[in-house]
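Structures are listed in the sections that come next.
The same subunit A turns up in both complexes below, where it pairs with subunit B and then with subunit C.
Take a look at the complex of A and B:
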């Protein structure tokens, strides 16, 4: 058993004034030691809810309907809140999209970085402060001693995200969950942050669960990819498999509709329609109303995520089937 | 307006937009500093750059939403640099802007029909039936069903649909220039391609000229005919799209292009030129060339002398001492 984290058949619902909403349904995956798992999908597909559910950080109106989350052989859903607190920030830590809202504006950077260290590992404040400076140096912050004494508003977005990474890494976690960590950053800064994360993954044998909507980042860093749509996994595989031979019509469409820097086309491919709203999921395959290949079967029956010919995807048809039907509805 | 395709519609010369720093006399944030370019009718000029480089301020200055410090803007043959608010009203019929966030750009208490009709009301179309007829036509043009949307409110629509509504509102006065400020940045990728295709189609049908601002190089490449790259308030390079992407000249452009990952795993080993450090503050821009603090090819001259923005090939402008 080399899986560090194993999520099985996870279903999460939210109670809202408008009724119960299913955000994530039957999701299962595993992350190995030193592996970088990318979860991709558009807004509302359930990728952030999945990430937050692992640390049990969901809002009070969330219900774990089914499934379990095994971390090093222990089901996180059965732990008490006190035991969970032991794990958060030490064995599993997390970084978020907007570093400014994740940092406390009235405490110094050094104090915030060392907080988890003081809580989990070391009681001596001086040692913890020194450790926080060491962490800042590790993520490439110049003039770390001065930065440790400054406040969040004095730093740029890229620097703040480095501080977040330093905070998340100070207790040497085994798993880092990164929820859109570069989305708010400029491309040149994004490249710097991705380099730091890759370094950490390699040097510390760190497992990373990386959540993003940006397929270009996925292509660059992923060891394994999960594609989510409307609360379900529609396809998973290695980067080569997903990018060169997508099996699910959604993955295929998603790859075709991004404009490329290295290619010029006259007209972009379009996935018709809109991302569905979780409160109004139709029956059958959740992609059927936007799928160019949809048949009657797709409207009635939800396809299961199955392993076929070495690939895992949730569609009633194989790409070969769809081709035979001529893709009459395409374009 | 009877400006033919390819003729100049907008001339910007030496435009400066400075913001005074509160409490400090004669100190300014140099948000846009000495920017000059020409825009031809029915073309799309893409403006790229990192956050804080002044691309949005430049767009807002052109529309005279921001107070201009110095320089000159000629739009459709009229010098609008010093026009009064009253005179600007008539000009603004011809230049419109759409923003990044379609959620905050629509009044939640107005129904879609009223939102799209409002510019007509402001510009004196007094007949209600005429307004409604024009608004319905425009809503249909942006790909929505007029009867379905007319009496509904913004919260009932998704991000992509709201951006379509914003586009309908901006085009109802039949402007000649449309400024799109990060118009697709907040949208999901599958929706982004729908809006990009719509903008390109409308440009052809309505003979529109676009200034398209984005930080996403792939989007810029797709939609623009020419591209200007901005750094710290200045345009550092300006060329035809293919020329800029195939033969970038300014070290900043080269680094920027190399930093973008392509959605292709076989591209993983491609070297990117790491840019050290971060954007300096526009309050106190570096002397000489503004990029010299991060430039891998920096020379002594760059630290003291500001390179001129000159034509290195026909139609290809670059501000770098290396290329002169």
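Take a look at the complex of A and C:
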């Protein structure tokens, strides 16, 4: 089937007072109709930048250096700002990480939900208001009429994220970009929000690009996974492949970080070191200073994202190679 | 809300009480009106008579109690110098000051907000740098000096506006521009900065993601949030504005409360000084109350409290 969204070789830089930094480099992926794509990676690896670049919502200092973003066959990067506005909130919508700060404090909930509807579909304010109440009911908000009249500060974080989903869904988009929509919420609320999203995906044949740094969530919902590290995709594959047979040492590390029920708290694994800052990206493999299998080659040469034995990953070595060499890895 | 307003009104009364007490005692410390009112060859007896007739011979606490009673019953007494009831003098002068302050506010605030928004939206552009320069200049020039410069330029050199006095709208232009300048420049800065920080908020990005136009984004989503900080600034600046009106009225010989006050201070005209100072305080308190109400109109988070 044809891809709804196809991103090819996307490279994004930012002009900063310290010079130009490359936040995202050569990233490519596709999302099909009704499919849920997960983007995982630690903080600062370029997930949000990738997501925002699709709707062209990046800050003014961003430069699209290369690549294209095809949505239903048209390159979004070639559209005028006005054409882009018609797509935002109608065909593609977005929800954000922070439900606390993503709603405008001075407007009622109903007004914020119905805004996109008024812009794209219906001029009648009464109808739009009723639609916003319908949307609130759909995302499981009790007492929707009252909530529509209230202001963001009167709602809990979970409620606000439901409001965000209602806002994003009101025009029945084809693609929903969800940038860590559950990160700021506690676990039970997280599960509820995930249920709502999977429900929407099924009922509306909605494609979702779901961004998270939490692999445990990904396991439940993803149709396809891309793993990002330091602005690049280091591995991609189906959930089965990624979870049962990770090919990249970084993915391996991420998987080890997922707490297991049979594990003591003090045994929680963390990948040593930090995500490098874009201004300090070196020429070799960007994971080399944290990678237990790193060799001299890794420091010198950047591995390309290649298809090998049916799997796509960016490492100079196959897991088998690494096993033979051993490496300094301690479990 | 009712409780809140009640609290604010109580605060206002306390402010007025403190101000009247302060002005009462300060006046009695600085000088003796009787010595100024007598002609040079008056006798000691004349002096005592005068003091008695003014009620200044009584012990200070008795004077204070009488003063407070008079104030509370709006019995403002007669001017020592002009012998007319102070109420009438205030009644004559107040409209002038209200006009001056009102026109200055209208001149300064809306215009400054528009300019501030423009500077924020087009930040680092030519417009922004010009605004920044003008506002810095505007802020660093003291108002009496600005008043004199404007007077020289428009009244003396160009002769298109009257240099001083009152009577027509034209007379209001120079004083109100002078008075408005300080408030306008700080409002521009505040609007610009507050707008810039609002533009970085997540909800602005979220609004943009819905497909709103830039105008709707800045005005519908951004401005109202920025106004919260701007209103705080204005409520602080109101005191400066009233103080400034005293200077401006004096520079332009404009017959408002400010000039009345200055003239009265020169001759220790107690009743006039006391009444004008308390009136100024009252104006300050009232404007602040209005600003507070504006807050709750703009920010729903304050409304519920």
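The definition used in the following text is that the second predicted complex is superposed on the first by the 316 of 331 C-alpha atoms of A that agree within 3 Å, B and C clash if a C-alpha of one lies under 4 Å from a C-alpha of the other, contacts with A are read in each partner's own complex, and residues count from 1 in each chain.
Quick note on the criterion: a residue touches a chain if its C-beta (ideal position, glycine included) is under 8 Å from a C-beta of that chain, and two chains touch if they have at least 3 such contacts.
In this text the structure is predicted, and so the values were computed from the model without any measurement.
Once subunit A is used to superpose the two complexes, subunit B occupies space next to subunit C without a clash. When both complexes are overlaid on chain A, the residue A:295 reaches neither subunit B nor subunit C. In the superposition on chain A, A:262 makes contact with subunit B only, while subunit C stays out of contact range. Of the two partner chains placed by the overlay, neither subunit B nor subunit C lies in contact with A:70.
Contact with neither subunit B nor subunit C is seen for A:11 once the two complexes are overlaid on the shared chain.
Using the contact criterion defined above for the overlaid structures, shared-chain residue A:116 touches subunit C, although it does not reach subunit B.
In the superposed model, subunit B and subunit C sit 70 degrees apart as seen from the Cα centre of subunit A, a figure rounded to the nearest 10. Contacts of A:186 after superposition: subunit B is touched, whereas subunit C is not reached. By the touch criterion stated above, A:93 is placed in contact with subunit C alone, subunit B being left untouched. Once the two structures are superposed, subunit B and subunit C can be ranked by residues of subunit A touched, with B on top. Look at A:198: by the touch rule set out above, it reaches neither subunit B nor subunit C.
Once both complexes are placed on a shared chain A, the shortest Cα to Cα gap between subunit B and subunit C comes to 9 Å. Residues 201-203, 205-213, 221, 224-225, 298-301, 304 of subunit C are the ones that touch subunit A when the two sit in their complex. Every residue of subunit A that touches subunit C in the complex is listed here, in rising order: 52, 55, 57, 85-90, 93-94, 96, 98, 101-107, 115-116, 119-120, 151, 153-154, 164, 167. The touching residues of subunit A, counted against subunit B in their complex, run 42-43, 142, 156-159, 186-192, 194-195, 213, 215-220, 222, 239-240, 243-244, 253-255, 257-262, 264-265, 267-272, 274-275, 277, 290. Residues 50-51, 158, 160-161, 188-194, 196-197, 200, 215, 217-219, 221-223, 241-242, 245, 255-257, 259-268, 272, 274-275, 277-279 of subunit B are the ones that touch subunit A when the two sit in their complex.
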